[in-house]
Amino acid sequence: MKKLINSVDGVVTDALTGIAAAHPSLRVDLENKVVFRASGPRPGKVALVSGGGSGHEPLHGGFVGYGMLDAACPGEVFTSPVPDQIIEATKGSDGGAGVLHIVKNYTGDVLNFEMAAELCADEGVDVVSVLVNDDVAVQDSLYTAGRRGTGATLFVEKIAGALAETDAPLSEVARVAREVNDRSRSFGVALTACTVPAAGKPTFDLPESEIELGIGIHGEPGRTRTGLSEAREIVRVAMDAINDDLPLSGDVLVMVNGMGGTPLLELYIVYAEVAAYLAEKGATPVRNLVGNYVTSLDMQGFSVTTCALTDEFRALWDAPVETPGLRWGR
Amino acid sequence: MKKLINSVDGVVTDALTGIAAAHPSLRVDLENKVVFRASGPRPGKVALVSGGGSGHEPLHGGFVGYGMLDAACPGEVFTSPVPDQIIEATKGSDGGAGVLHIVKNYTGDVLNFEMAAELCADEGVDVVSVLVNDDVAVQDSLYTAGRRGTGATLFVEKIAGALAETDAPLSEVARVAREVNDRSRSFGVALTACTVPAAGKPTFDLPESEIELGIGIHGEPGRTRTGLSEAREIVRVAMDAINDDLPLSGDVLVMVNGMGGTPLLELYIVYAEVAAYLAEKGATPVRNLVGNYVTSLDMQGFSVTTCALTDEFRALWDAPVETPGLRWGR
Amino acid sequence: MDTSFFVAWMEEIATAVQAQRDHLTQLDAAIGDADHGSNLDRGFGEVRRALADSPPETPGAVLRLAGATLIRKVGGASGPLYGTAFRQMGRSLGDVSDISLAELSTALDAALAGVQKLGAAVEGDKTMVDALAPAVRALAKAVQDGVKAEDALSAVAAAAQEGAKATIPLQARKGRASYLGSRSAGHEDPGAASTALVLSALRTAGFRTW
Amino acid sequence: MDTSFFVAWMEEIATAVQAQRDHLTQLDAAIGDADHGSNLDRGFGEVRRALADSPPETPGAVLRLAGATLIRKVGGASGPLYGTAFRQMGRSLGDVSDISLAELSTALDAALAGVQKLGAAVEGDKTMVDALAPAVRALAKAVQDGVKAEDALSAVAAAAQEGAKATIPLQARKGRASYLGSRSAGHEDPGAASTALVLSALRTAGFRTW
């Protein structure tokens, strides 16, 4: 294993130390492992709290700041945070208007956030949870843990975050967050496995000419393994999966997300194919992101996330945001 | 070789197609392979043109836009652009106030930009060239091609670009660009080699427990090979090389740059060590960047670039910038 | 079974999990995200520390502290699930200072109920429940049959181990492995494997303290 | 040597470079950035196309078109350097339609001068100059000694090949390989290797057209 780390056990703390040093706009509680806005809670504003395993950077700590999250709690690598962290994040960011928990749909995330939410409610904090489950590679049935939350998390955080800045009430912020999730779909592809520091070797073996289709963001294998083909064909598989689930049309927000080890050069090649696919379906990518946003350590691969825009979403997407990972308008 | 591409020959054109589709603020001349601002030249404003081999994304195309470049010409992967491209970029962005060529010090870049500059001058365009050569791993002597231009290129483009927006004359923009270069130093480290698409396999073999010190940005081997150690120690080697060349003190702009395949999690761990090193030397990193900015395809590794800030630099650094790769203030 | 027995149990778990850490992580790599070994190793290491820092006075208190610590330190799916299991056991034992086999049986049943209430998994879903449920039945039967403690705990360990192995052919319907669909078959569930370790440690703790 | 000889030369270069493309790239991977083979293959492919599109009428025009095309299509260090070499040769040949060995010798000297003026490399710097310079000398000597064309071109090819091989032990002082310091020793310079191909093609073109 080749990694720029000091020790396997110190990975998350050392990275948080770096985040604290790099971003004066953030306050990092190293003991509880929570990333806050340095400005503290603003009375009357609904706070957005998210979190999950580490290894997905810039998600979530990189999305703390004006127009997005109020706090993020990073767990160990690929391990959801513990309730204590979430409680600290929730209480430390509550400005009296309540707190929205943005939870990716994984058993671990759901259980830990639920426990935290109950304990916060006991202490009088108004908490509403929104589940993100956009990954069309997983069937949402009795026979699975349900669809995973992946790229749409960023869309939910940005759009609901913008609404929260207007001092909208918790119920409204939660409604928009749920709507964004409902209108979003993702599909991911891996060219290589990633290496969890504590595991010391790649999570799975993937021969030189094979790829994994329908991966999540924890470096786990996907639904099926297939041969490596042209970017155009791989994109078609991903986009077909999305389009079969929620037909693409009208104005779309689309993200071509790198899994951490894929050069931007290749992500743009993927974006060109995504744009061509959308044009073929009569959909228009009026807003987009291309880059590393919701990663899986050093995995090579990409995911595509689409969101069927409404006028409300578009205005909120365009609203100013100032975080380490996403910034415009200020 | 595992890459998200359609064909080896089409890599640059396909990526430019994606850049054009993703960024309405840019106009991409696919035939000549030039990325322009969509808004076109602004009369009276000095234009900044840069370019180099592809494979370093977001450099340079991702830095075209308000406050930075007016045009970028990407060559083939790791191959400097040809004079024709540079000429198109220069003539197409000249607003009558002259054009600054920002050239990284590599034989190929220097020769091609020189040829282009001569031909542009013949046609009456006022061109001044600034050479970037910040890489302390290479000795600037008769026995080398001189120091390579690496991370400082971004600093030069940002700071000189901000000055150009104020309609400063070409001589002034060139002076600031040169000063930024003079006050900047870089050092790079590779954990793995990268794979040039046309070569089809990694440029060099690097055993599991070894790293390359003093690499450039073309995926070439470095000055020396050594054992993989803790991030703290690797950072010390890099920072010592910089500090020995230009002692670190006062207010510093610092970039921890990923080579393309390194997770942000690790870059933050590196940043924590860089910040600790600077504190030890009594220098203060008042501005910073952490992320993938000047990459080498899928290489794992990082580079550090420092710039001894002046008041002028700091104000220009803070000025608004709106490009795909760097954005704040608007 | 007194307080020292339950402390010994926790120590035996910590030792076993540490020794099997990489094995558990590799099981999780095959059908999950390669963190189960480090999750539990971190968790039971913290349990050991917590018990040393403020030694509880009753068996129930030992288990409640262990459960709370796991919830506070592990994260992931296994943190809340294991944490709940131990907390429910601890609650079931109350503040009695010497636990009978029958009381242990009731407590283990409470652990299973807690895990199932939280995670909604049934036997056959390829989770820790597949190791825990047969162990609960084995202990209940041993109590009913009046066998002696050593043999009862051996039966518990054997049942859990068998249950864990029996997850191999199954297709997962809960947890991360369910995302793999039919590809999850052919691999042992990491949580079932760790549950077998945890319950085998009960037997080892018996050897040590009796 | 008439126009068709020089067109044949360009074709032989294109064929040789295409065949040796991966080899040249691997030489460049060792001490450079792994693009020399694809750079030259792209360049001479374009030269072939340009010559087919608008066939020049004189030897000098062939070389000037080749040089301009290389400058326009290759990039990197080798584009301007090779482009200049051919352009200078073409200029030296003027518009004469049948070229003597002596005129070729003068032209090759002009190529070397052009490369050295542009790149400032001297012999021993581990660049294409190390293959080109001995070839220039070999041709001058052949002209002086009055040997026949075939043998003269064979001598040119041999000298270039020897020059290229002789770069192996050298430490680079120009171009990208110089960044490697002493690590550049022990590898053949890719540009010297390609220059040997280019000049060997001169001999092959002779075989083909004579």
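To keep things simple, chains are lettered A, B, C and D as they appear, and every chain counts its residues starting from 1.
We take it that contacts are C-beta pairs under 8 Å (C-beta built on N, C-alpha and C of every residue); 3 or more make two chains touch, one makes a residue touch a chain.
Predicted, not measured: the structure shown is a model, and the values here were computed from it.
Separation of subunit A from subunit B in touch steps, taking the shortest path, is 1.
With centres defined by CA atoms alone, the chain at the far end from subunit A is D. Computed centre separation for the pair subunit B/subunit C is 54 angstrom, with centres defined by C-alpha atoms.
Separating the centre of subunit A from that of subunit C, both taken as means of CA atoms, is a distance of 32 Å. Distance between subunit C and subunit D, defined via averaged C-alpha coordinates, is recorded as 74 Å.
Across the assembly, subunit C contributes no residue in contact with two or more other chains. Chain contacts: subunit B has residues 77 touching two or more partner chains. Only residues 1-7, 11, 14-19, 21-22, 54-55, 57-58, 62, 77, 191-192, 208, 211, 228, 230-232, 234, 260-273, 275, 285, 288, 290, 292, 295, 297-298, 300, 302, 322, 324, 327-330 of subunit A touch subunit B when the two sit together in their complex. Within the complex, the subunit A residues that touch subunit C are 53, 75-84, 106-108, 111-112, 115, 137-138, 142-145, 148, 196, 198-199, 203-204, 216, 218-221, 223-224. Here subunit D touches subunit B in the complex through residues 22, 25-26, 29-35, 37-39, 42, 71-81, 118-119, 171, 173-176, 178-181, 183, going by the rule given at the top.
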